[in-house]
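Sharing a structure below in structure tokens format, with a few things to ask.
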């Protein structure tokens, strides 16, 4: 179970690198990132972390609500 | 002990299914709600509102699709007698 | 083996949700889907199921044909 | 018993490879043959014809690429003596 | 023997992480550096130069993001005392 | 470990088929590929193999360099 969490983290991290690289790096005239690209990558990561936390919160609220409704429906069904 | 192993395997699968869904939802709402230029490092007010609605709508679509798939499966098994087990 | 089938189904289901959501839902002025979006999602699922069944049929026909040809070639080779 | 386990592991890998290929083929033919607006819930005649050809072409491309990769690998191992199993 | 199994599991995870990263890097640099028409079968001079820089920049971005994530995690755990292993 | 290498190869192979198909095949008036499409697929594969080898080389050089720098930094830290 600890291993699965690690694997998910690694995939998220690699995916984030791919997306921020793809969206922010477009200049291949040098081997190192420009200041502009670094800024873009930084903001890309910050936004993603906030987005990801927000999606997680809202989604678990949603799940809890749904579980409640199902329980209520089941209770009504057995009556 | 065999039952325990099965229960563990099922829990792992559920976790993986959930993690896959969460990652697709995050990815989908990123595409729908976040401007690509990353002018700012924090979420704008409009972006947070959009994300909340996006999660609600994604979850709703996911549930609806699950219901449709279940109905189609039942319709296909239709006349055929239910398999034991 | 039963477990693998389940995992494939789950991935297909999640993938389908992602694609139909992405293609059909574009209005974020409310928290619930519009009638128009619901119709689009419904047709998206129907089309995908039909597509998926057709691809499966054609692909297995293809595989069977290929296996036959390989068997024929092998038989010719051993002659 | 070790051999049985190996055979099982290989069969699982083959199944996974097949399932991965099938999913990519479905995805690819969706993009090539299905209109994005989903005006109708069933496949149009033109779409079914397109899907049949798409599957045939995808399978052909997949086989060709497998042959190319095998040839390249042989060319690279070239002069080098074949490694004993 | 339990430690050996753990070490093996960690090595496998590392390998998978590396393989996933390598595949994303290859994919990303394909998109950035290779013209889509495939007019020629070998890499053009401009493409090889672009690939070298693309790999360097991708690796740099990956490292930077890892550092950012670590910093954010530390900032969040902030005042809270470190949990005993 | 042998199995993991095989799995990676299979995924790479399937991914390559998907990409070259998507980039090269656009004519669905017949069931077999045209000469033009075959040529495109062939060049697509050749380019990918070269790209993939080059990325592998450069990336491992990069990794080696980074490991050296970390070792040097660690050595400086313990002084």
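For reference, chains read A, B, C, D, E and F in written order, and residue numbers begin at 1 within each chain.
Assume contacts are C-beta pairs under 8 Å (C-beta built on N, C-alpha and C of every residue); 3 or more make two chains touch, one makes a residue touch a chain.
Computed from a predicted structure; not experimentally measured.
Counted as hops between touching chains, the shortest connection from subunit C to subunit D is 1. Common neighbours of subunit D and subunit F under the contact definition above are absent.
Seen from the C-alpha centroid of subunit A, the farthest chain centroid is that of D. With centres defined by CA atoms alone, the chain at the far end from subunit B is F.
Subunit B and subunit E have Cα centroids lying 26 Å from one another. Centroids built from CA atoms put subunit F at 14 Å from subunit E. The geometric centre of subunit A is 26 Å away from that of subunit C, both derived from CA atoms. For subunit E, the set of residues that touch two or more other chains comprises 16, 27, 33, 52, 56. Across the assembly, subunit A contributes 11, 15, 24, 42, 46 as residues in contact with two or more other chains.
Taken together, the touching pairs link the chains into one ring where each has two partners. Listed in ring order from subunit E, with subunit F immediately after it, the chains are E, F, D, C, B, A. Residues of subunit E that touch subunit A in their complex: 9, 13, 16-17, 20-21, 24, 27-28, 31-33, 49-50, 52-54, 56-58, 60-62, 64-66, 68-69, 72. Residues of subunit A touching subunit E in their complex: 3, 6-7, 10-11, 13-18, 20-22, 24-26, 28-33, 37-38, 41-42, 45-46, 49.
Residue ranges on subunit C touching subunit D, taken from their complex, read 1, 4, 8, 11-12, 15, 19, 23-24, 40, 42-44, 46-48, 50-52, 54-56, 58-59, 62-63, 66.
For subunit D in complex with subunit C, the residues that touch the partner chain are 12, 15-16, 19, 22-23, 25-27, 29-30, 33-34, 36-43, 47-48, 51-52, 55-56, 59, 63.
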